[in-house]
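Down below are the structures I want you to see.
One chain, chain A, appears in both complexes that follow, with chain B as partner in the first and chain C in the second.
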Partner chain A sequence: MRIFRRHVSDRLAPYIHEARAADQVERHLAKCERCRAEYVQVRAGIEALQRLPLAEAPASIWNSIESVLNAAPAKRSFAPRKIAFAAIAGLMVVGLGYWIVMRSAARWEVDGLGGSPVVGTEHIGRAGRVAAGEWIETDAESRARIQIGDIGSVELAPNTRARVIATRPQDNRIALQHGEIHARISAPPRIFFVDTASATAADLGCEYFLHTDEDGSGLMSVASGWVSFEWNGRESLVPEGASCRTRPRLGPGTPFFEDASDGFKRALDDFDQTSSDAALTAILAKARVRDTLTLWHLLSRVAAGDRGRVYDRIAALTPVPAGVSQEKALKLDPETLRRWKDELAWTW
Partner chain B sequence: MVDLSDRQVSTEIIDACRLGDRDAFRALYGLYKDQVYSVALYFFHGDRGIAADITQQVFLKLIGNVRQFRGDSEFSTWLYRLVVNVCLDAARHRKAEPPIAAEAKLESLAGPDSLEQDFARAEAANSVRRAVSALPSKFRMAILLRYFEDLSYEQMARALGCSMGTVASRLSRGHRILAERLKNFEGRRQ
Partner chain C sequence: MLRYAVATSVFAAVALADGFTFTIASPMAAQEAQFKSAAFVFRTERCADPAKSQISASAEGIVQAKRRSVPLKVASLQKPGVYAVFQNWGNEGRWVVVLKGVCAGETAAAIVPLGRKGFLRESAKFFPRPATDAEVDASLKSLVEGDSK
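Right after this comes the complex of A and B.
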């Protein structure tokens, strides 16, 4: 029985906290002395934390926050007889303020990190700004960092050309024509996007690297969080430690973990371009538990007749959770696939 | 453990914050200030100054970006993603804390106004503080989020920007290391 050979060290905290995978963990603990000893330690650590008191935030913090908030211009009161004048003046002020805010919001700050990056047709040196519609380009000697409002930054590697498409609060968007970027975003999901010729990277709260050629051949690698790589209804979910290729006319490929075997990655590369049976056979044979990231995506990408092989391989690598039936999985029932993905993600 | 049931954030509070309502901001701050401050305090080895600065930064960012919060993720997940990012950014920009200074700051947390009424209890709390402080930062942050916020594994995964499996691994290993360190501290005292 394979289940008894696999230690449950990394599942002890979720088992104690939330009784996750209770059957599996308890069956293993009954037979494994090493994991029982670790269980005692994890429980002791959890109990020890009960002695850590919650600290009270000093009142001075809110005072500091209020003084920053109060730094905004104060409102004025007006005498009744001047109401009409005030209304007109107010409208003008609001209009001017709106124009200033919109003008400023439409431009992102750019730091030159070496060499002399170009925004539009001007070399910016150490600092500049870029607006929606403008191009920014680095040569072999230069790099640049764009501050994406206050949600993060995008660093352009040498020999990169990109265009700012949108700088709206709910839609911050860059088109990467060629080269490489390093994006660090801290914001609610789906307000920062990078378009390439063959895919769009939608930020789900993350840090990632994206390289693309002009024809749309590219690779995205995620350093933390998740990125959704999308094109024409095809979506690849890429977590920390994983990468995903994108190709002209094909869009995003199937995501894979960087630490997968070379043979696995070669077979996946082949399958994404040719859908060959030999490549699928090699992928299934070489997959590890963690590679269920790739297999889960393949469920909906292989021919209908091959779904059963993919299902069986995932089921052999990790127990199928309650609520996931083979029949529904093979029919690509969205709720079943989502539930299975959430459970498989424990191993990703 | 903190009970979340009495401080769920209503959509009315969030909507009022979006409109710039200062009272709503204050209510939001009141709901989360101690948890955010405590995570920062123990993450930065008992340094009250940094913890206050982190708390201020987190809430100013929150107030500045609340219009972008669309409600399609839980508020606490978004808030703690901010906490994690601000803490990690601050940690990157700080030099390593000299062990003696960190130790002194941790000891100073057990003041006369704390809940620790007797020496043995204070000693035990100090040992836990030191053990938490000595954890690698990834384990430390996961443990603090779980303990002070009682976030679920899904929420922690989103706040920490990693998979639930990684959260499970960090918490399991972190608690194990914590228990081992506490055993060592107690061994030295005896």
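Right after this comes the complex of A and C.
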């Protein structure tokens, strides 16, 4: 029992709030890893609670309280039991809230895979942790792997700098300032995001590589599953085997399969930056069946007058499925386009 | 003309047989994250009631010059008539997956060769009847010969 009494779990909250027993607590924290971990959790919980907005109780609550207080004395004989019940219920609510806050304020584990990656200002060596708001950086000699809770991992290549934005169960988010990451995520869609200066990669259950420069120039390549690359209302859906560039002020470009011809890729690069007619003509001429991934995206990116050319080229490469009408496709009817994309994906 | 090869392999069976057949694709076509690690996915075509169809598959291989056969469990996806095949065969040797289905009295089959980096869509063969042993052996032989070229 002595060993349990020596821990400072019950003094952490008063210490954080009012620096009570600071000397004792700090001396203990310096020696006790368990209490340090607990301290970090309690502090994160308190900080999260402090960020919650204050809400005024509705008047009806006060009316209820007043009516209970004004009730007949005979009914008050049950008051102690009610108070005890209310206290227990209140404690349960607080406990649940604390648990939720603790979960939402989780810190991710970091493995140093070489060299000495930095979290915040500290070199972590072989293992460390990173919380929301903290930066993690590798130099030319170091690499690091972040465990994204229990949904996957993100590996940082050398010379990469990223900041953890959110570690909530439904919103796990990293901002990649520069460098390259390799993300392996096994989770329902849209739980893990990577922000860059010119696009956000939203995981749809996948594995991918994402490189970006500080100005937002970058390339994402998908190894399995799908990734949605988004910016300012523009979305590129990138499946396994495909890549997508992103550019400052333009956002995600048009996705393409990596085994497309060099001429096709060059023309697409040109079109994404200039929207030139010559580039579009070259894309359409060089497209294979599999490149309908690119053509499907171009339907909504070319000038309205050019949509017919793109539609005709897709239709020449693969039969247009039932339920996809030319008229609706050219009007960019969302349901028609979705249905067509789902069907085309069987050829990609 | 090669650019039409993929489209041909995907849609030829439908066009030629004009009856019950299969379409094969990369797992991402199914758009269900839990099946992304499948070797490939396939779906029934022209099967009015996929729920009542009977689907089976086996992996047929040549490992160290010996024929191997591994029965496969076909996983049903959420969408009716869509299935996934997971690799349940060794990494050694060369393999094809043989699919067989029966829908409303009609039979369909396919031989899907597997390359080093995944299934070979362009070399897949589709039949309006069960694939014969000779057809399976011929596909395997052509895989092995491809290695020696």
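Criterion: the second predicted complex is superposed on the first by the 245 of 348 C-alpha atoms of A that agree within 3 Å, B and C clash if a C-alpha of one lies under 4 Å from a C-alpha of the other, contacts with A are read in each partner's own complex, and residues count from 1 in each chain.
One rule holds for everything that comes next: a contact is a pair of C-beta atoms (placed from the backbone, for glycine too) under 8 Å apart; a residue touches a chain by one contact, two chains touch by 3 or more.
Given the structure is predicted, the values throughout are model-derived calculations rather than measurements.
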item: Contacts of A:288 with chain B and chain C, given as first, second, both or neither; value: second
item: More chain A residues in contact - chain B or chain C; value: B
item: Partner chain(s) touched by A:151 [first = chain B, second = chain C, both, neither]; value: first
item: First (chain B), second (chain C), both or neither touched by A:331; value: neither
item: Which superposed partner A:224 touches (first chain B, second chain C, both, neither); value: both
item: Contacts of A:38 with chain B and chain C, given as first, second, both or neither; value: first
item: Touching partner for A:189 - first (chain B), second (chain C), both, neither; value: both
item: First, second, both or neither for A:7, with chain B first and chain C second; value: neither
item: First, second, both or neither for A:317, with chain B first and chain C second; value: second
item: Partner chain(s) touched by A:123 [first = chain B, second = chain C, both, neither]; value: neither
item: Footprint overlap on chain A, where chain B in one structure and chain C in the other make contact; value: 186-189, 205-206, 224-226, 239-240, 342, 345-348
item: For the chain C and chain A complex, residues of the former touching the latter; value: 3-7, 10-11, 23, 25-29, 31, 33-34, 36-37, 43
item: Sites on chain B touched by chain A in the complex; value: 1-2, 22, 25-26, 29, 33-38, 41-42, 48, 51-52, 55-56, 59-61, 63-65, 67-70, 72-73, 78, 81-82, 85, 109, 114-116, 121, 124-125, 128-129, 131-132, 143, 146-148, 152-154, 157-158, 161-166, 168-169, 171-180, 182
item: Complex contacts: residues of chain A adjacent to chain C; value: 186-189, 204-206, 224-226, 239-241, 287-290, 317-319, 342, 345-348
item: Residue ranges of chain A touching chain B (in the complex, touch as defined); value: 9-14, 17-18, 20, 38, 41-46, 48-58, 60-62, 64-66, 68-69, 150-151, 169-170, 186-189, 191, 205-207, 224-226, 239-240, 342, 345-348
